[in-house]
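Okay, got some structures for you below.
Two complexes are shown next, each including subunit A; its partner changes from subunit B in the first to subunit C in the second.
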Partner chain A sequence: MSLWVDKHRPKDLMKLDYHKDQATRLKSLVQQSDFPHLLVYGPSGAGKKTRIMCLLRELYGSGAERLRQETMHFTTPSNKKIEIMTVSSNYHIEVNPTDVGIHDRVVIMDLVKNVAQTHQIDSSGQREFKVVILNEVDDLTKDAQHALRRTMEKYVTTCRLILIANSISRVIPAIRSRCLTIRVPAPTETEITNVLQAVCKKEGLSLPSELGARIAKCADRNLRRALLMCEACKAQQYPFTSDQKVPEPDWQTFIRSTAALILSEQSPKKLGEVRQKLYELIIHGVPPDMIFAGLLRELVQNCDMVMKCQVASYAAQYEHRMRLGNKPIFHIEAFVAKFMAIYKKFVEESLM
Partner chain B sequence: MSDYPDPEEEYELMYADDLELLREMDDDNDTNPVRKKTNPAKRSLDFSGPIAAKSSSLIPNNATDNNQNPNNSLSLSQSLQPLEDLLTQENTSNGGEDILTQINENLSNKRTAEDLFGDINDIDFDNLELPSKRQKTDEENDMDLINKILEGRKIRQMLAEPSKGYIDKKPNFDVKDNLTRNIPRSPKAAVASSNKFPGREYGYPATDRSPEPRLLSSREHREQLEAKNQQKESNELVQETTTNDSETTDSEMSDLWVERYRPKSYIDLLSEEPVNRALLHWLHLWDKAVFKKDVKTKEPQHRNTFSKRTGQFQLSNKWKGKKENEPEVDEDGRPHHKVALLCGPPGVGKTTLAHLLARLAVSLIVTVGSITSARLAARLSIVAKCEKLRINPRVLSALAARAQGDIRAALHVLSFLKARAKAQVNIEDVENASIGTKDNAKSIMQALQALFTVTDTDPNAILKTIQAAGEYDRLIDGIFENYLTVRSDSRLLIASETMSWLRLYDTINSWILRHQNYSLYSMLPICVARCHSILATRQPVKLRFPIQGQEMFRKKTELDSIVWSVWRGSTASVATTRSALRLDILPLLPYLLSPVLRSANIQLCSETERKSLATCAGAMCDYGLQYIQQRTPEGLYAFVLEPDVYKVAFFGNEDCVRPPPAVRQAIAREQQLEVIRRNDEMMSRMSSRSKSSQAATSKPKLDTKDTAAREVKEMRIPNHLQRLQPKAVQKITPQVQKDFFGRIVPVAQVQKQDAVSDVISSSSVFYQYREGFNNAVRRNVRMRDLF
Partner chain C sequence: MQKEKKWFKPLFEFGDSPLPKKVKRDTSKHQKQIVNEESLPPNGCLPNINDKNWMKNFNPVNVEDLAVHIKKVQEVDEWLNTACVNSNNDMLLLSGPVGCGKTATIRTLAAKHNVKITEWITPLDIEYPTEFGDYEFKVPQSKKFNGVSATGLKAALKRASDIISKKYTSTYNIPTADIIESVVNTSGGDVRSAILNLHFASLKGSSSNLETSIVKEKEVRNKPTRKKKSTSNKFMSLGKDQTVSILHGVGRVLNPKELINSAGQKTLTHSPKDIIEQFITHPTSFINFLEENYLPHFSCAYDVDKAASALSDGDYMLAEWREKLCQEYGLYIAVAGLMLSNKSPVSAWNPVRGPKNMKVQYPSLHELPLLEPNYLYKGKVLVTDYITYCKIIENPT
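Coming up: the complex of A and B.
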């Protein structure tokens, strides 16, 4: 008995709930002899990983689903020992190189080399390549990405790479051009509602359609979140009622309350309070760009149209700077200060 | 005029080096064999090593001078400089000093005492030695001696006063001559002089004391002599230069000036007089324990009265260890404090003081204050003179100011300047010397304070301060934490402006670190300085030390470690990226981990409740969570979720979602059951898989798919372990017996061979030996054989 998210994950390409035509294309891709490197990208909770696992199953059969966790050890050129967790089957290995921070280049090179140097023993009736899945490729350092480019070409006979990214904008073009890019768009709210209904049916529950729609709306087009929310709803109250409270991740609520705080008063004192909230968000591991996005979304709702553009352009500008720097709190607070200044000016002018 | 506490005693402690000087002068003349014995003791002091070599090279000059000049003015002039001790303390030939033979007679007793405790030397020894010795010897002579030395000392000290400079040294030669030649013999004179003690200026190096009226006469006297001797002095300088040049150049290669001009006697010490005196007194207290001599018990009383009346002792010295009425000596006759701790900034003379008081060890705290630059300049002038460096007093004072009380550094600079072989050292040399400045790094708080304060004088001063402080990151953090409280406007324009500079700083700094390209590094302090121009105020501001960033980092690491442990603990089937875990799964997992149960007793729960409980336990297994019993501070046991995902999921309001303790217990039990269930399932699957593999792969693929699907869920054991699982026991089919050549042996024969065992098993009595199988022991025994 595990979570619905895990329990009801489709295992076959043909059983996927949405993006069915893409699934058909993937299936035909497998049937062809030349399987390219893949770059799968799309927002979180869209189903990238599900599709990749289905693809692997299509390639290798159920053996690809016998997963095991292993810890691999690498030594950096500076003799630092690093270890990284991998999930692997006999046919593939999955790794998240960003776990080791700036040493990701070493991991990528060594890992791919290791995998590529072992040929499949019995290649009759099987693929002669193994698959290396790299997560969060967009967060790789430039060094690692360039190392990847070379590695991809070198070991193409014995291994294929499947790269997963949220967005390819931060993947260098050299890698993009070497891969077949597959975009997995986030499911629409209707699609999410359908999935929720299907899952509830499997569980023997009846989900009111209003509640399903509300969950889908709250989930921000993230199917994983939607399923978890639905299960949380069930844990809190069953039978479902259409107006029951949908539990949300607390950080979303927190960002909303922070935005409300910013709008309530614009003063240095308030800015100090906001800073504490921002710190809280950061230490809870909410990515700074999501904080930016969340704040902007909430703040803009209370803005005049003229101000909206201004605020959005500042947010973009400050967020860009934040990516160049490494102290996100400076940039977020700077944005908040700027917004407060703009907002206050606007309010004063409108009062006159 | 107050009574000085035990004046003779104090006096002798302080001016013992003079006594020793006198003594040594005699020794050189009368070649006392006992005196010679002190040599090894001197050598035992480690710091005197290089000096001995140096002084031995210098002193013959003095000796010749002294011999040539019957008036002794020249030689004594040298001996009156602080350097004299260096020259005279060493047991070298210092001939021509026949004046003090009568004192030598008095001191003969002392020398024997010194021989007894040969390893104790230098002034402290003498200081300790003199009082006790005097009790035994002729008091009159002692008083004479004291009186005389006192006079000489007083004048000498006056002359050595920093404000007077080294030019003032000349006149006291004659005074000293007087001192040495005219020894009052009568006891009355001695008494009279001892009465004078209280009002005397005891030659304190401290300049803060006002000169006593008594000194005036001697000062006048000195002034008269000054004019007379000025001509002589210049001659002397020239003479010195010519005679000493070769020796000094030789010796200056071998030792540092710091060593060469280290104070060799008490009076040369630049540190605060009360401190020195307190230490000496304390050392004196050891007399009883160390030398088996009586310590004067009235001493403390005198001290106390003195301090009460004048308040001077109490105020000026830092010796806080001693209470007013507390006995200074414990029952064993040892001082109350066993250890003295000297502390102070580098270069103020702690080591020197300690060396001077060497080995008569060490816990009362004496703070050595910094040396005033005036006094330091005076000393430097003496050094410069000795080294034939012509330096303007102004330059010297600049040097002293630059060294900030660190005489060691100042001497190093001086030595450095000399090494550059410039005859004339001007102020630019001192200003531009790249060595010898004290570590002038500013602390972060100082720099921050400067950042938030308006500077009218120099616009670039703030940049210098920032660069001196160095740690720009900390400074930026400090600005970030304080800018809102220090200066802000309601329109937040200042805040925006400040933040823009902080952002720029962050961007540049990251760029530098990322590319390891430090060409933009000089931009960083400018960013900080710009913040200063925005934020500086005239009001005094209270700044906080930037700790927030670090605190946040610490908390973040804590939460990261929770996420990390969940991520590592989760099974491969649910493995996902950490960001998804953090943003989607963990925030919602707590809702799933708190099933609504009507009763904590599972037996009473409904089917759906039990199902939700099972779901909860399954999820916990998947993500490696478990409830652990922990002892609370109240002594109760509570179930605590490990790792605590609630902390990650919620922003401080997690307690509302936590299940009640009873439910927690139920969950914990269910989770443990689930773990066992999964292990069982895995074990059984292992065996079933091995069986199915034996049954060959001819089975349709669809069949294995179901088991595989289940396997994927819970498999965690790596392949190599799986192979080690025991195989299912196979039914043993009757095997065909073969002989050595592989021919099939008929069944009947085999059974015949087994017949014996059949007999055994079928018999009524059967002994089975547990260990091994041994035919020699084993036999059939029948009951009837026993009867």
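Coming up: the complex of A and C.
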């Protein structure tokens, strides 16, 4: 049994549920004999990967869907052995270079070189290039990005890169200019409800429109999450009722309780407790920018308009710092401390 | 891939067939065999580098010369005696800080009993011999050495100065009691470093004036990374730095002490500038320590705001590793910010904790059997989207 989100993933460019105009353009792009490197970007759960897999199918036929998993080994210049998981078909290979942290440069250089140096064996009616898909390009180190830019030029005859990112603001301009950038915007809530209805129909279930709309709202315009939520709702209670509870992700609940902790008392001791919670979030892999956004959303609910502006501006400032700095916890904690100071002052003044 | 790997590591193997490990170890320079007069090295190809080592001049000859506490020496002596009799691969583990005389004790005692010593110094560039792991460590006897006491050190240095006055007056000035005392003061229980410093302080050729010779030496020995601190101590620090451990440094930052100078102004006993000079070689680990430990010292939310903000600024600056100045400024901002922001410090004993390991643990695919086997999931997405719902779908209650 596989998840709905995997089972009902469209496989053909023409069968995509939204951004249909873009799909047609993509189709005509690959029908030309050649296409440039691509940089596909958009928020999480918008359908970037789905579109890319459709594109590969368009390029190479169903052979691109026969996937296998492989662990590849690399050696860093400092002689450290690293290994990374890859998923590949005969025509492409996909990898998350950020899995190996600061050694991502080695992975990019060696992997692309390997792929580029082996020519396509079965070239009958196929393209003479292979495709390398790199995930989370915006999280690559600067070093790796520069390495990528050089490899891109060098092996352009034998391989095409498809880069995936959430935002291109952290992709160096040199890479941006060498790729055709394709933006995949998040689906609207209506589009999400339509997909949910369609999937439920395929599963032979009837989804009340109110519940569908509520799931779409909770999912934060993330289609993947919406489908998972919908399936979880089904697992918890079927037949659906329009007022049934939509479960929210664990980490959101956790962030909410952390925010409540911050509001309960503003003192160094409390900040210490909050820090433990933040540690837990970070160690479990919740991205720090989502922690920031989640905290801000919860905290400003208890602020008046003036304070809201102030708090949001500080959140932006510290979030920016975090992107440029080393350790996210420093900056999240500084933001929490700042909020505590502002809130405490507000409470003290209103008591006087 | 295979070829490339080979290309990258031509460490020692030059021929096609690498030498067997045994042979390699024997010819390796890192393994020294120290033998006494009766048994010369079998092949004679191992020059004892200590022959030309001037420090050997001061090596203890008799057991009485050792600066180690007499009781410890006796304990080791007893063990050696029983081990010689039984000879069933008995093991003794000597531990203790650097330069407290572990090796010297064993050597001297071995010479006394005419025992041959084979020394294995773990070399950096050779992997541990695999046989090493096969040893059954049947809880070896263990003796813990402490740093050498000031009296013991002084006696040892006295002995060294006697040797100087007897044999080496051509190379050394005879060290004065002052020099000996200041060497003892700065060495912190490390005999080896004390002897080195004594050697340096009493070399001939420097000015006969003691004060200037010390000052001059300070100038010569000043490395850019570590600077000496003029302390209120009676003796000038000589040679070695008064190194401040990271925990000590953390204490100085988080419990800043103030002095009131003659003009009635408050100054910090340890200025941020002095502190950062000690830690500029590893700013990130120092700042991590500070971050982990600063909170319990604060009592006011407003002060914490300033401190946390300073740490955030510091981290932001430190991230720019290509610019050396940024490292210094980043550290300075964090240290000074922490020292100055705390207006109402909590005076309680707080153990210093090490920075938390922030390695992200993404869920493994085995935990989530519902996922497609041949699909590349991103760790982040597993955490933010899949994990909660997979659990619910698998187990709705």
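Just so we're on the same page, the second predicted complex is superposed on the first by the 346 of 352 C-alpha atoms of A that agree within 3 Å, B and C clash if a C-alpha of one lies under 4 Å from a C-alpha of the other, contacts with A are read in each partner's own complex, and residues count from 1 in each chain.
Basically, contacts are C-beta pairs under 8 Å (C-beta built on N, C-alpha and C of every residue); 3 or more make two chains touch, one makes a residue touch a chain.
Please read these numbers as outputs of a predicted model, since none were measured by experiment.
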Three-chain arrangement built on subunit A, subunit B and subunit C clash or fit: clash
Contacts of A:51 with subunit B and subunit C, given as first, second, both or neither: neither
Contacts of A:282 with subunit B and subunit C, given as first, second, both or neither: both
Touched partner set for A:114, first subunit B, second subunit C, both or neither: second
Contacts of A:130 with subunit B and subunit C, given as first, second, both or neither: neither
Touching partner for A:92 - first (subunit B), second (subunit C), both, neither: neither
Partner chain(s) touched by A:325 [first = subunit B, second = subunit C, both, neither]: both
A:70 touches, of subunit B and subunit C: first, second, both or neither? first
Which superposed partner A:2 touches (first subunit B, second subunit C, both, neither): both
Partner chain(s) touched by A:61 [first = subunit B, second = subunit C, both, neither]: first
When the two complexes are fitted on chain A, the stretch of subunit C hitting subunit B, from 130-138, 166-174 or 220-228: 166-174
Intersection of the subunit A residues that touch subunit B with those that touch subunit C: 1-3, 6, 44-45, 67-69, 85, 87, 94, 96, 99, 135-136, 222, 224-225, 228-229, 231-232, 235-236, 247-251, 266-269, 271-272, 279, 282-287, 290, 318, 321, 324-327, 329-331, 333-334, 337-338, 340-341, 344-345
Complex contacts: residues of subunit B adjacent to subunit A: 480, 484-485, 488-493, 495-496, 499-500, 502-503, 506-507, 509-511, 513, 548-549, 552, 555-556, 559-560, 563, 567-568, 571-580, 582-585, 587-589, 591-592, 594-596, 608, 611-612, 614-619, 621-622, 648-653, 674, 701, 704-705, 708-709, 711-713, 715-719
Touch list for subunit A against partner subunit C, complex: 1-3, 6, 44-45, 67-69, 73, 75, 77, 79, 85-87, 94-96, 99, 110, 114, 135-136, 222, 224-225, 228-229, 231-232, 235-236, 247-251, 266-269, 271-272, 275, 279, 282-287, 290, 318, 321, 324-327, 329-331, 333-334, 336-338, 340-341, 344-345
For the subunit A and subunit B complex, residues of the former touching the latter: 1-3, 5-6, 11, 44-45, 49, 61-63, 65-70, 85, 87, 94, 96, 99, 135-136, 222, 224-225, 228-229, 231-232, 234-238, 247-251, 254, 266-269, 271-272, 279-280, 282-287, 290, 318, 321, 324-327, 329-331, 333-334, 337-338, 340-341, 344-345
For the subunit C and subunit A complex, residues of the former touching the latter: 1, 4-5, 8-9, 284, 288, 291, 295-296, 298-305, 307-309, 311-316, 318-319, 356, 358-363, 370-376, 378-390, 392-393, 396
